[in-house]
Each structure stands twice: as structure tokens, then as C-alpha cells.
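Take a look at the structure below.
Labels run A, B, C and D following the written order; every chain starts at residue 1.
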Amino acid sequence: MLGGGPASFIGPVHRIAANLDGLIELVCGCFSSDPSKSKQTGHELCLPEERIYTNYEEMIEAERNLPEEVRMDFLAIVTPNHLHYAPAAMALKAGFHVALDKPVTFSLEEARSLEEIVHQTGKRLLLTHTYSGYPLVKEARYRVQRGDLGRIRRVYVEYPQGWLSTDCAAENKQASWRVDPKRSGLAGCMGDIGTHAFHLASYITGLEVDELCAELNTFVDNRLLDDDGTVMIRYKGGARCLLSASQVCAGVENGLYIRVYGEKGGLEWRQDSPNTMMFRPVEGVAEMIRTSTPSVVSPAAAHNSRVPGGHPEGYIEAFANLYRNFALTLMADIANETPNELCLDFPNVCDGVAGMLFVQKVVESSKQNASWVKWED
Amino acid sequence: MLGGGPASFIGPVHRIAANLDGLIELVCGCFSSDPSKSKQTGHELCLPEERIYTNYEEMIEAERNLPEEVRMDFLAIVTPNHLHYAPAAMALKAGFHVALDKPVTFSLEEARSLEEIVHQTGKRLLLTHTYSGYPLVKEARYRVQRGDLGRIRRVYVEYPQGWLSTDCAAENKQASWRVDPKRSGLAGCMGDIGTHAFHLASYITGLEVDELCAELNTFVDNRLLDDDGTVMIRYKGGARCLLSASQVCAGVENGLYIRVYGEKGGLEWRQDSPNTMMFRPVEGVAEMIRTSTPSVVSPAAAHNSRVPGGHPEGYIEAFANLYRNFALTLMADIANETPNELCLDFPNVCDGVAGMLFVQKVVESSKQNASWVKWED
Amino acid sequence: MLGGGPASFIGPVHRIAANLDGLIELVCGCFSSDPSKSKQTGHELCLPEERIYTNYEEMIEAERNLPEEVRMDFLAIVTPNHLHYAPAAMALKAGFHVALDKPVTFSLEEARSLEEIVHQTGKRLLLTHTYSGYPLVKEARYRVQRGDLGRIRRVYVEYPQGWLSTDCAAENKQASWRVDPKRSGLAGCMGDIGTHAFHLASYITGLEVDELCAELNTFVDNRLLDDDGTVMIRYKGGARCLLSASQVCAGVENGLYIRVYGEKGGLEWRQDSPNTMMFRPVEGVAEMIRTSTPSVVSPAAAHNSRVPGGHPEGYIEAFANLYRNFALTLMADIANETPNELCLDFPNVCDGVAGMLFVQKVVESSKQNASWVKWED
Amino acid sequence: MLGGGPASFIGPVHRIAANLDGLIELVCGCFSSDPSKSKQTGHELCLPEERIYTNYEEMIEAERNLPEEVRMDFLAIVTPNHLHYAPAAMALKAGFHVALDKPVTFSLEEARSLEEIVHQTGKRLLLTHTYSGYPLVKEARYRVQRGDLGRIRRVYVEYPQGWLSTDCAAENKQASWRVDPKRSGLAGCMGDIGTHAFHLASYITGLEVDELCAELNTFVDNRLLDDDGTVMIRYKGGARCLLSASQVCAGVENGLYIRVYGEKGGLEWRQDSPNTMMFRPVEGVAEMIRTSTPSVVSPAAAHNSRVPGGHPEGYIEAFANLYRNFALTLMADIANETPNELCLDFPNVCDGVAGMLFVQKVVESSKQNASWVKWED
């Protein structure tokens, strides 16, 4: 693992999630740019001294020289955005698979370059868009594909948060890099959580963007990046999506919510109540679909659940689903088998490139006073 | 009453709401352009034969010639949009107050003309934007005014419905005029329900529009007006509003929902659960504010409630609040007293003009491929 | 109307509810045992001086001597429990129908006597168990009757409130008579709200009690009647009901909630969210049934709704349904027609007797340290 | 691990939960009484051949002879109830700690004997009452202890399920042993889930039972044990608890719900929405308390959360909290440190004895037609 030292939010989540199913073991790490902090975390995690590294170059180099059965199988990178590309590229070229926290890179150029490296090296890349790991999100995707909703017309996806309502960058490590263009990239809120919303909509509907029109706002004084934004998306084929993301919705925790309406019915799912999804037919009674009940029909939903109906599954399980599918795919690779579709169902470098393109187009539109910009150059 | 004959949805609602508090009595009516249908409804309502009229001209003329203590005090107009202006104008000029279903008129020009007539005649006009009649909406307005939220930054207001998901105009009277530009006006969905959302946001926040950018869509084949749309609003002073309205959200009933976030906190209210409102401070615990409990602090909320906490109040009560305040105002007028602020708290012709301006600007922006248009010409 | 003077809670609710549909007009009243208060309320309600009475005997006597088309059609009694029987009996005998707030009388003996008078005089008696007036409660009853749930096994009905958590009788008029055995009767909480819960369960399931076992508690010091209680009911045929009522559930408003489970499915309805009912089949997806949508199948539900789906209906509408059905029945009587089943669907004196028997048996069981007592003597 | 072979529900849950935090590693197991099934599961879990055992005697014997740093630290027993005592007793006596799925044993006698063995051997015993592992349950306990609710008056705890609505024992392995008195013990539903409800109430309130009155029912034909029941509990000091459990509430998943009301306020928590708890003061606004937000004040809640507010935590995390605290306690023991209170906060053998006593008293009362029985003999 690269990153995830003291005070990291997402590092421990990655570790717990990766560990949950007993398929993945943490064998080495470089947890901080500060060697003493890296050591501290490594010791806490009971790693052997010699596999706690002080920088990623050293780690990749050292690991590649270990015997195949000893060295790490993949590198998980959980650093801020500007520190994704270089270690990912180096790891891939050194023969390691890579798991990356989203967004995939700092810029679209880096993302496209990384995509090329993935294709050249034939290595796998997992991008942890957690929310597509939820069983009912997979159920939603399945039902859209099966045609339960008919042709899709209207998508609403929103991601309100409130934790950046004040100028808290000084005292909050999580905030500080997210609002810093040098570490976060072109966009703040839209890159951090707008990309999750965008990925979720793409994952469920399978629709491709034709053009978009966006407005980014910065409400907190002296903040350099957007902390709020709205995007109108025209999908190819005529469907419309309204995407909003904000980190200044005072008091809101983590309100990711998606609604998809088609000619025949609609689906509604929210991450803070992830074990319930509403299906609304054009006529007739609304159905309350629940995780792990007979109402859930897709093999993907079943494959990504662990407990019987009525026992809530949460964020860690969704996160673990990404790692589990990634690990199952790598295990199939190692066993020289073709990984099945259920295992291959994890976000990859293409999703990463799409996310970075989304950020770039949104920023471009916003700079032109919310005019329409084409998805393809 | 003008309109509200057999198969009318809103006519009976007006009658029940007006009647609820015992302050208003139905004394005459012209309920349909078809005289036999008008008679039928009049008889059902136990009106005397001679006060069931066959057209509004006849009604206004006849009523004005009755003794003051006998004739109607005001005319309620519940016809489709294109039949609002002429009877309203005639009634006002004949010395009657007017209650109008929204939107106020067919066009902005008519609205502005009616505004002038109201000012010239000194008569009162009630516009039935029902949703601002709910106690907790008044509470929300009060809390914004008191500064509980600090400076407003972000408003989300949405109004999804699903009942026009199919081409049902032929068999559904309610649908038929709403999708007909000759009866409905410039806009379909945006005029029918978008104006409710717009009014609600204006009522609660008190903010004024600077400019807006809108996209209207028509998803159902052969429909002539929009059945879906999105509006980005820039308020004066920097706050932003995202307004969406749709009538093709399959399976959704009547999902009006507003969220207002400021520097210090946020408020969330939805019409399908109207007795609960969330207040979220930037820090600390979210509060569940309920109708008619000590947590409700505003005199306006108390004035507009009828039952003790825990007993749900609904749509009819909210509607009745408009009529009740209107009636109390007229009674104060008659008694030569100055109506107090609580009674004057009903939507009027200015709200009507704002609504029509909203529709016009939205259509204008949408025609220019969602470009920004200024609110003031 | 008898009762309902200044500071009355339920008096105004009766008046609004009775008035809502325009079928009933308040023509006279005796609103308080204090003549000046009675006058005050009468004036506020615009009654003519001569029809504001100072006691019920005078009122009944005077009204009976008025011409048939002028005098009141029925007497609504909204006084505390101990003042129900005498005026009701006198009114019935004088040829008036009667509407009574629940519980029907002070004691079981009075209730049985009143039942006899009703049968002897052939007059009608409405008992305002509001909650059975909700459209979805009628839908529930219909579905049980149709067999959607199969044979009923288990009923849970609960009615928690918190407003008597402190010793507030001194400063709260509503509280003072409810906790006074001289005005309230044998039971406090169980008579006040336990009877609502009992009636609701009986109304929906149609089941008859075989025996019951109850514990009543008094938590607030110096209170003379129960403020909390639990009843285990064994219905004839083997079904079981657990009924709980409490007025010391701190902070709870009005939490009436009923769940009925049978061999084939279950229904769940709560009064604070009255427009939604869940139907859960033994296998398959839970359905969210909503007022006034196509999912609602019973004529009774449709007959007792006023607005289209998605527009919340509340407590006043439910209350008004009782009065409306009562009025429609009286109108059919007057027209010499047989009232149809939908109109006759209001709680009557038999429900009142059942309620009083319930109170008596509960108190009896509780006094015997919660031993089982038979329903029939 | 003992038990948890193919088709086990709770075995995999134990394994995932124990594994989640990386503190516990599965080193050996006997997963089924059928050696080939045991092997199969052992292989799937990548255990070395020699540590997959065919019976518990062999396992305990073999493990105890391994070097201290190799042999298992504790034995997790996840077999049906009748197979708890013997292996637990043997393991304890052989020097192993024990983790037991609840209820602790088949009978009260066994439970008391096990308690004695625990005391004699000085070994630790974890009983997996999952629900007390939830952060907000710990928060509730903390708030009760701090006095936020004042003196407790009324507890409602209910545990409805619907999965045993039909006679499914033949085709459902989970059902078959639960409804079999030879494997389940004195009670069915009341032992399986009633004990969870009882433990939850005890854990949060700290109250001790004085006497109870219970009715057990069996609704499904030919079933030998109760599938439904109600218990009225009188706590010492005057508080009352109403406990209900049912497995024939058709369509209900897993509805554990607890409400605690005191003189000053109330708390409400439900397991299907475990990240939210309502706090209702006697007067004032209800607060929505959420996992991992500043509103959560207790160190125990923080200690038992893993992700930031707004990211749902579920059943596996709650389960893992039990194992984590158990493991931290064992690690402290090994390090010769005194485990702190936060780590010692897991259900133990005393809770197990209380649960078995609860079952015995409930059955005793029910057999005496729901008469009151004293908790202490």
C-alpha cells in the first residue's frame, strides 16, 4: 500500500475492505512521505521492518526483486490525486497490478497515459468507485439492462455533503488537499464526489454522454476550487441527466442519491439507506426491493452480498466487493482461467479516464459560463 | 365559482378548502361551458336555480346587480389557464375580489395587465399556490428571515411527477388541456408545476432572480409542450438554485421537495410528508421539526395549523389556509380594519406575474439552447 | 353542539370536520357550563343569540319545539366522558340523532343503557373513532375481508404518546379531566387512547375477543388513573393481539400503529404517515400502497378520499369522513332511501359498548395482577 | 472453529467478522459432523490438511499439543444450541478461550455449569449477541447511564420476523434445527430471537428483572416449539418492559426495534436502520443521532465505528466489534496488561446465563397460562 498513514481516512477503509474476505493480505507498504510516520503505521499493522518503505520507488524496486510467491501481487495507492500517476505507472511497468483510489489521476492526460500503460502491460487496474459495489446498485444495472424500465428518459443523480461549509482546510487534513488545486486537480467538489455520481449513473444506465453544460461555484471565501456544482448532461439517444454535487449543504452527511426513470418504470436508490431500492412501474404499486431477498433477481447482486436479508450491509462491504472481485479476477489470472463476468465487475482504468474527461469537460463548460460542450473532442 | 364542473380535479378541492373553516359560502357558479353540465354541478351543490349561470359575463353582470349583502364577495376561477384573464379582469372591474388557480394567466402580458387592474381597482387577488399554505413552509420562511441559516448559498427545489409518462391526453381530461399550448400557454410541465416550485423557493428564501439558464424537454412522442425541464437560477447576491420539474418520472406521485442551505444550517421539507421538516446546523445534531409542536416557533405556522401535534395535516388544510387568510383579509376590509400580516400572507397577483415571467424566461433560455437570460429585460 | 367552548381541543376539530364537505351546518350550541363562555363561543361562531343555550336540557327542549326544517338534525356531544350519557339519552328520546366523542360513556352500564335507547328510538348514533375514517384503514379492512392475508394470526397495535410524562394536570385543561376518575371513568390512558387502538384492531380484522390479560401502570406520582398499559388479547379462532398504550413515552406525539399478519401476508399502517400502507406477502416483494392510487382497490377507500394520489390527506379529512358518512346516512333516511353500505360505515353505539367492555375487562384483569378474564360474562 | 460448514448461515458471518480487522486468523476447524463436508469447507478456507478435524475432541486435543505460538488462541463454536456445551466446556478446560454463538447452551443447567467452568479456568468467553455491537446501541447505553433519560419507566423491545410463516423445516436447514426441541432447547422463537431482544434491553438499560409474565404461541401446524410470544417484564425499581418476538410476521425481515422512555426523554433504535437513533426529550425538538458524528458522545460508540459519518455501517461491522473487543482483550491478557473497559465490552457467560434463565422463566410462565413468575428462584 502506498499512502494511508496516520490521520488518513481512506487508507484504513481500503485495508479493512481488502481484508474482509480473507482473500487479500497486506504484505508491505509506504504509508507516508514522512519515514517516521510510515514506520509508525507499518508497525501498527505488524509488517516486518524490511517491508516498510520510505518511498514508492524503493518499494516497487524492492518488491519486484523478491521471489514471486513472496512479493506483493498488486499495489494499492491511496494518496492524494497528484500522487497517483507516477507510482501507478511505475508499478504497472514493474509487473504489478494496481488498485487506485479515485479519481484515477491528477489530469486527463495522466489518465489517458495510464490507460495506455495498462493496455501495454496487460496488468489490471482497480479504481475504487465504492458505490458501484453495492448489491442493489448492481441490481439496478441489471434491471435497466433487462429492460424493466424501458428506454431511459431522465436520470437524477445528486451528491450533497456539508462538511466543507466552512473554511476548515487548516485544521482538517482531509479538507486541506481536496481544496488545493496543486494536489486535487482541475476541480474540487466535482472531482472528489461529482465523479462518484457520474460513475454511478454511467454504471447503472450504460448511457454515453453526448454533451454537457455545467456551472461550478465556490461559496467559501478564499477557496481556490469549486465546492458546489451542477451539470446537465445530454446522453446519446436523447436521455437527460441532471447531476449535482455540493460540499456546502450544511449538515448533510453523504447524500448520494440516484433516480432513473424510463418509459416503463423508475428506480430510486440512496447510499445512506443502501439495502432498499424502490421500483416504480408507470402504473401499479411501487415495490420495495431489499438486499438479499427473493425480490433481488440478479446474480450480480447475490454475488456481492454476504448476509441474509434484513441484516444491513454497509459501506465497508461495498468497498470490499470491489477488492473481492479484483482479487477473484487476479486469482483466476494466476490459475490461468478466464475470470467470469461477476468477478470482472469492478471499475477499471476506462472508468477512470471517463471520470477525468468528465472533470475536464465540466470545468471547460463552467469557464464558458455554462455553455454546452461536446463530450468527444 | 367559475369552472369546476363534472370531472374537474381542482374545482372540488377549491370548494372543500374554501368551505373548511366556515368563513366562506358558495353562493353562485358557472361550472362548465356546457350549460347542462353547469346546471348539474350547481344542483349537486344545492345552489338556487337562478344563481347557476351559463357564462361568466352573465354571472358577473347578474351578481353585481344583486343587493350587496346577497351578492358574491369574490369570484373563484378554476378554469384552464387560457380562461383566466378575461373573467378575472371583468370581475375585478365589476368590483369583485378574485381567487385564481395558478398560473395566474395564459401569458405574461395578461398577467401584467391583470396586475394593473388589481392596482387600479384596489380589489384583492388570491393566487392558489397551495404549497406555501403549509405551516412548516411558513416556519421555513420565518427561520430564513430570522437568520437561522445565515446567508443562503444553495437551494434545491424539485417537482417530479410521473402521471404524464404516457400519451394519455385523449382519455384524461386533466392531461388534455395541460399538454395543449392553446389552453396551457408557453409551457407545459414548467407552467403547471415548475411555477409551484419556483414560487415555493421565492416564498421561503425571499431571494430575487438575477438570471437563469433552462432546458426544457419533451419525452412523450407527439406532445407539443415540455413534460420535463431543468432550470439553473442565479439569485441576486450570489445564491444558486437548481430547479427541476418533470411529469415523466414514471411512478412518482407528487414529489415536490425543497432544500435550502446557508452558511449556518439547512432546511429540508417535502410535500408528501408535510408535517416534518429537518433543520441541520453546520455542526451538531439534526433537528426534526414537526407541525404544531413547541419546536415550531413562528406565529405564521401556528396561525396556519388546526390540530395538535401528531395529527397529520394535509393538502386540503394547506389549501384552506390560503382561502382562510384571504377571507380574513376581506373581512378586515369590510370591517374597515387593517388586515394583519398573518392574514395578508397569501399569494397575490405579484406572485402571479413573477410566475409568468419565470415561464417566459425559461422558455426563452431553452430556445437558445439553455443559455443564460437576464430576469429583468 | 354540546361542549367545545374556549380551550377545547376536540370541539373545533368536530366543527371543522363536520363542516368540511358542506353537508352539515352548525345551527345551535351550548358550548360551556359557564354561560358567558358559551355565549362567547357562540358569537365567535356567528350563531343567532337565541340558539346559544346555557345547558343541554334547555337546548334539547327548545330545539324540539322549533319547526322541523329549522331545528337541529342531530346533537354533537364533545364534553368530557362523564357528561356524555345524560344529554345523549335525552336527545335520542327527544327524537334527535346523536354524534358522540369517544368513549361513548362514563361506564359500561351507561353504554349498554344508551345502546338500548338507540334501539328503542331508532335514532342513529355516531361515535367518533377517528382513525377508522382513514382511507387506508378502510383499504386494510377490505383486504382482510377479501382474504389477502389469509387467516389472521398476529395483531400488534400500539398507541404511544408522551404528553402526560409530567404531572401537568394543573396547567393543562386537556390533561386535567383525563386523569380524573370522576370525569374520565375507570381508566385513564386505556380509556382515552387504548380504546382507539382496540377499535382500530376490531375494525380492520373483524375478530372478536375471547379473553384478555392486562397490566395497567401509573408512572407519574399522585396520578389516580393509569397512564400506561399492556393488553394481551386472545381472539376467538386463535389469533393473538398485543395492544399497548402509553402516555408517558417521553417525546412521542401520537404514535398509533397497527400491524396485522396472517398466513399469507401482512399489513402495516401508522397514523402519523396515514397515506402509506405496506403490504408484505409471505414471499415476494413488499408493496407500498398509497391513498388514492390504482393500487387501492376498495370502494370504501375511494369513497373516503377527496384528493388525487400524492396529495396528503390527514386527521381532519379522516374525521370528516365519519361526519360525512353519518350525514349521508341521515340524508338517505330523510329521503326515505336505504343508506348504502359505504355511508353506514361509521362507528356506532355497538362499537361504543365494545369499547366500554374493553375498558372494564382490562381494569378487571389488571386488578387481578394481570390474570386472564373472559370477554363474555 | 467448530461448525460453519456448507449451508451454514452464521458460520461465514463469524469468519468474516472475526477477520475484518486483521486481528484474528482462522487456523483450524471442524466444520461439520460429516468429515467430507468438514474437509470441503476447510479446503475452501485454505486451511492446512492437518488442521481440518473431524470432531471437536480431536481438534482440542491436537491443538493443545501444538506449540503455544502455533495453536489456536480460542475456539469459535457456531453449531446448533445442543452442541455448545460439551465442546465449550472441553475447550475451556483445555486452556482455550471460547467464542460461542448465542444462546449460550441448550439448557439453563448447562449455562450455569459453563459459567462455573469459566470462573474456575479463568478463561474468557465471548457470546455473540450481535446487536449490542452496534455503535448506537453503545451510545444508547451510555446516555442511559449518564442520566439523559432520567429514571427509566417503559421499555418496548420487539423482534418480528416472518421467515417461519410456513412449515419450511424440511427444505430449510436454518429452520430445521431451530424448530426442533432436541436441538434448539426449551423454546423456539423465544430462544432464537427473544433472547437477543432481552439482552439488548438489559444491555442498554442495565435494569434487572423482578418478575415476568409470558405467553408463547405456535401458529404453524405440527411445529413443536413456539414461533411467537409476548413477555411482560417488571424490572426491579418499577420500570416495565414489553418484549415481543415472532417468526410468523409474514414478510417481515428482521425487525428488531427497541424504545426506552424515562422521566426526561426517550431513545429509539432499530436494527434495520442502525446508523440512526432518535432522542426525544420530554419537551423540545427530537434529535436525530447518527453514527460517527459529533452528536455521538460516548467513547464506546467511537471505539466501535470504522468509517466517517454518512457511510453506513451494518451487521458485519457490529459482529466484528464483538470479535475485535474480544481479541483486544485477549491481546491485553497476553501482554499482561489489564484490558480496558472498551475492550471488555462484549457479551460474556453471565449474559448467557441470563438469557437461558429468561427462556426458562418465559416457558414456565407460559405453561401456567401466562401467570407471573419470579426471576429469582
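By definition in this document, a contact is a pair of C-beta atoms (placed from the backbone, for glycine too) under 8 Å apart; a residue touches a chain by one contact, two chains touch by 3 or more.
All figures in this text were calculated on a predicted structure; none of them were measured in a lab.
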item	value
Maximum centroid distance from subunit B, chain identifier (CA atoms)	D
Chain pair with more C-beta contacts, B-C versus C-D	C-D
Subunit B and subunit D: spacing of chain centres that average the CA atoms, whole Å	55
Approximate Å spacing (C-alpha centroids) for the pair subunit C, subunit D	43
Rounded Å distance, subunit B centre to subunit C centre (Cα mean)	35
Multi-partner residues of subunit D (at least 2 other chains)	286, 290, 293
Complex contacts: residues of subunit B adjacent to subunit D	278, 283-290, 293-295
Interface residues, subunit C side, partner subunit B - complex	9, 12-13, 15-16, 19-22, 26, 45, 161, 253-255, 271-275, 290, 293, 306-317
Touching residues (chain side subunit C, partner subunit D) in the complex	149, 153-154, 156, 158, 160, 162, 165-166, 213, 215, 217, 219, 228, 230, 232, 238, 240, 242, 244, 246, 248-252, 259, 261-266, 279-282, 286, 369-372
